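The next block holds one structure in the form of structure tokens; read it before the comments.
When the chains are written out, they are named A, B and C in that same order, and each has its own residue count from 1.
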Amino acid sequence: MGDRIPAGGTTRCDMPFAVETRDLTRIFAGKKRIRRKRHASEGEDGSGPVTALDHVAMEIHDGELFGLLGPNGAGKTTLIKILATLLLPTSGEAYVAGHDVAKDPFPIRQQINMVCGGETSGYGLLTTRENIWMFSQFYGVPSKVSKARIDELMHVFGLWDKRDTKVRMLSTGQRQKMNMIRGFVTDPSILFLDEPTLGLDVNAARVIRDYVMNWVRKRTGKTVLLTTHYMMEADEMCDRIAIIDRGKILACDTPANLKRMIRHDTTFRLEVDTLHDVTSFGSIRGVKNFSHREDIATNRAHLTFILEDESPVAEILSRITTQASKVHSLQKSEPTLEDVFISMVGRGLE
Amino acid sequence: MTEVARRNDLRARIALNLRAMVGRAYPRVIGANREPSWIIFEAFLPLLGIAAYVFIYQALGERALANATDPAKVAEIQANTNALIASVVLGGTMVAFWLNVLWSMASQLYWEKEIGNLQLYMMAPMSRMALLGGMALGGMFMTSVRAVSTLAAGVLVFGVVYRIVDPLTLLAVFFVTLIALYGMGMMFASLYLLWGREAWHLSALMEEPIFFASGFYFPIGGLTRVPVWGSAVAIAGSFIPAGLGLDAMRQLALGPTAFGGQMWLFSVDVELAILLVLAVVFLVLARYALAYLEVLAKREGKLTSRHQ
Amino acid sequence: MSTYWRTFKVAAWLGWEMDSNWTEPWLFVLYSILKPVAGAFILVLMYVVFATIGNTEDPSMFAYMYVGNAFFIFVASTLFGTFQVIQSDREWYQTIRYVYISPISYYVYILGRAASKVAVATFAVVVTLAFGIAFLGVEMGLSLADVPVLVAAFVLGIAVLLAIGICLGGISFLTAKHVHGLAEGIPGLFYVFCGVLFPLSALPEWGRSVGQAIPLTYWFDLTRRILVPGTSIDRTLNAYDDLTILLLLFASSLVFFALSVIIFRIGEYVARKAGKIDMTTSY
């Protein structure tokens, strides 16, 4: 970074972690509703407080590419916002680069940056290059350095020919590439990426993934916290992954170790006609957990079963056929991160 | 921290905040160049509203002149009408700055939240005052064009005559008023971190009522002529720095004897002193209010929630 | 027809929610009154200052200004309520593309969105007039025989304001976010040329001609003739009787309406061609 300001304030010098949280909890109060309270029993607005993070304890090492894997609403973005000094925890502690996010945000801000998927940052009237330059100025990067980095990153991300295009004329993928460059241009030590490939085409997503992986692995002292609900992305990119659901960290390990957690289990995937009742599968002896997803377009259901062994398969098939449903495919497969998730919470990531 | 480290720290912080100011001012200046339609919408058209107030005094003056035969009375009516029109033109000039404070500074943070930029600003290490300072600096170009057009239209189109005897003091009053106004804008901006659409409506509410209470289109001393509540409104209105600033500028541009010397709130010296105090107080308050309300907004999760 | 009505109803509901649901009802009512009443008070003080300095009272002129200003609330609110639909949907809520492509009449949608502003303006006008009568000695009189003409003038006046608003909406398609400049500037145009606050005779010859080409001039004149018959301080339109003025208002409204539709369509066409329908331009 350009003019890195010496850090001071509340630090934990004994801590080797880029990010550490302890009992981190964030509760959102129900939003105050004006005028239209229908029932007195509804509370302020009919929705009570929401616990977005529930006693989260997590440690991310310096130089690590760490993934947070969880479905929508799991608490991933809330956690990123707290770590990026945008939101205060309700209780617990969080440290970024050794500094307390609640008490000492300034030195943290000098070392971080954040990119969110689908964000619409900047001003439509500025060109891509101008927009990124403007944000770099908020981090004190000297103009010369900033412009050189922008040009270099634009080549890397394939945005060079759009350097003088106004931001409002960029496509979704181009805009997201611009956002990524905005994140890297300040050369942060810790980068928070919140669903960075959301809605992007395969090529654009590939460019971003490759750059992020190289950035962490080929340079020292660079840490990335990546949130995603694409299990392939997490599996491919991350050194370690925390699985998060409903504000709680359910497991945290390397992708291989996480998959090893269910190595004694057997995974079966089935494609069948739409089913009327799926709840009864849980009561079959030997079924550890299962997920169920309806595909409205094809009128079919996709089932994933985590089984102790292969013995319940017959019973499962029998229950499907008694519902007059046809089995289109049955496949035994290697465990994926999604299977780990299913085995823990009983539903898929989508 | 050693002395050297402290000095380096200070130097780095100043460099950071100066760069941030320039960075935030840039889109405003560039935007003004790339979308020149603002010259019509933000500078030319608003002149018409001010012209309407000028015509009111002209119409009142002409009707008074129609009944006057005594040459001394005619001269007095003409002088008073000129002074009132000059007051409107000066008020119209300051309206440009007041509206800039309201819409391009105070409520801008709310707007930034709506378009998704605020979280990126709040995550950056620069001072929030530098961010707002950059907005003010960038907006100053457009605002100044409008202000200068108003003054020029007053002199060239409406034939307003000013009698400036102390231009230095006039400039001093003008700049202190601006600093106090923008300090106040920064203070409001901090409130807007916490608010949603209330912020937008508060800005809307601070147009006509403030134009009235701060005497943008008439000498503020006129309020003291209204029994019972007039003086209270004038005092309240002078907390908006534009009220006192305009009163002092009118005295300096028209001469203290204009309107028979009976429409001024305080002397120029007193008003300048109060403005200086207001400038310092508002800037300091803005600094602390921004820090405090940022924490509050972070606690309530309102820094990043859009469409509140 | 039912589609138009449904569109209008939904748009009016949306406009009302946007205008009002940011606060408690009592605060919204206060807000709706405070702004226009303060606007009226600016004129009161301008008059007080002039009367104090010159030692001359001019109640006819004061009533002329006061009533003109009260009805001007319609101009400011209706115009703003109409053209800001484009800019707020485009830049603020960023929903314009979804509304624009839906199978509804966009004109009806805009009119529906403006409806709440007209309703609130009506309330503010009534409060301002009542305040003037009760506390400021503005003398008003309305004979029953004049009510049909007043109502007809009112309907035409609002219709022409909506038409002008739609025309500005068409222009807004092509410009950057200038909500406040437009909100301040365009009403200023009518403030100056339509005999709202001062007689047309105070304008130069060319200004009077401009004024007589704008329907709002006839609306203000007719409304004032009926509501404050004693304040005929403007002689510019004295040659016409009430019905002729109404006819002039009707004819000029038709011209304005046609013009506004044409300008809106041109704006919309050019915006689509240039890809500006859903642009964001804030800086």
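Definition applied: a contact is a pair of C-beta atoms (placed from the backbone, for glycine too) under 8 Å apart; a residue touches a chain by one contact, two chains touch by 3 or more.
On a predicted model such as this, the values are computed, not experimentally measured, just so you know.
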**OP:** Point out which chain occupies the most central position, where each centre is the mean of Cα atoms.
**Re:** B
Original post:
Where the centre means the average of the CA atoms, what chain is farthest from chain A?
Top reply: C
**OP:** Have a look at B-C versus A-C and report the one with more C-beta pairs in contact.
**Re:** B-C
**OP:** Go ahead and note the Å separation of the Cα centroids belonging to chain A and chain B.
**Re:** 45
Original post:
How many Å are there between the centre of chain A and the centre of chain C, using C-alpha atoms for each centre?
Top reply: 50
**OP:** Could you tell me the distance, in whole angstrom, between the mean C-alpha positions of chain B and chain C?
**Re:** 26
Original post:
Which positions in chain B touch two or more other chains at once?
Top reply: 27, 30-31, 35, 115
**OP:** Could you list which residues of chain C touch at least two other chains?
**Re:** 22-23, 176, 280-283
**OP:** Quick one: which residues in chain A touch 2 or more of the other chains?
**Re:** 120, 123, 125-126
**OP:** Could you pull out which chain A residues touch chain B in their complex?
**Re:** 3-6, 8, 28-29, 81, 84-88, 106, 109-110, 112-114, 119-123, 125-126, 130, 133-143, 182
**OP:** Would you tell me which residues of chain B are touching chain C in their complex?
**Re:** 27-28, 30-31, 35, 37-38, 40-42, 44-53, 55-64, 67, 76-77, 80, 84, 99, 103, 111, 114-115, 196-198, 201, 204-205, 207-209, 211-213, 215-219, 222-223, 225-226, 259-260, 262-263, 307
Original post:
Inside the complex, what are the residues of chain C that reach chain B?
Top reply: 18, 22-23, 31, 34-36, 38-39, 41-43, 45-50, 52-54, 56, 58, 61, 65, 91-93, 174-176, 178, 180-182, 184-189, 191-192, 196-199, 202-203, 233, 280-283
**OP:** Flag every residue of chain B that touches chain A in the complex, lowest number first.
**Re:** 1, 5, 8-9, 12-13, 15-16, 19-20, 22-24, 26-27, 30-31, 34-35, 115-117, 119-126, 131, 295, 298-301, 303-304
**OP:** Report the residues of chain C in contact with chain A in the complex, numbered from low to high.
**Re:** 21-25, 176, 275, 279-283
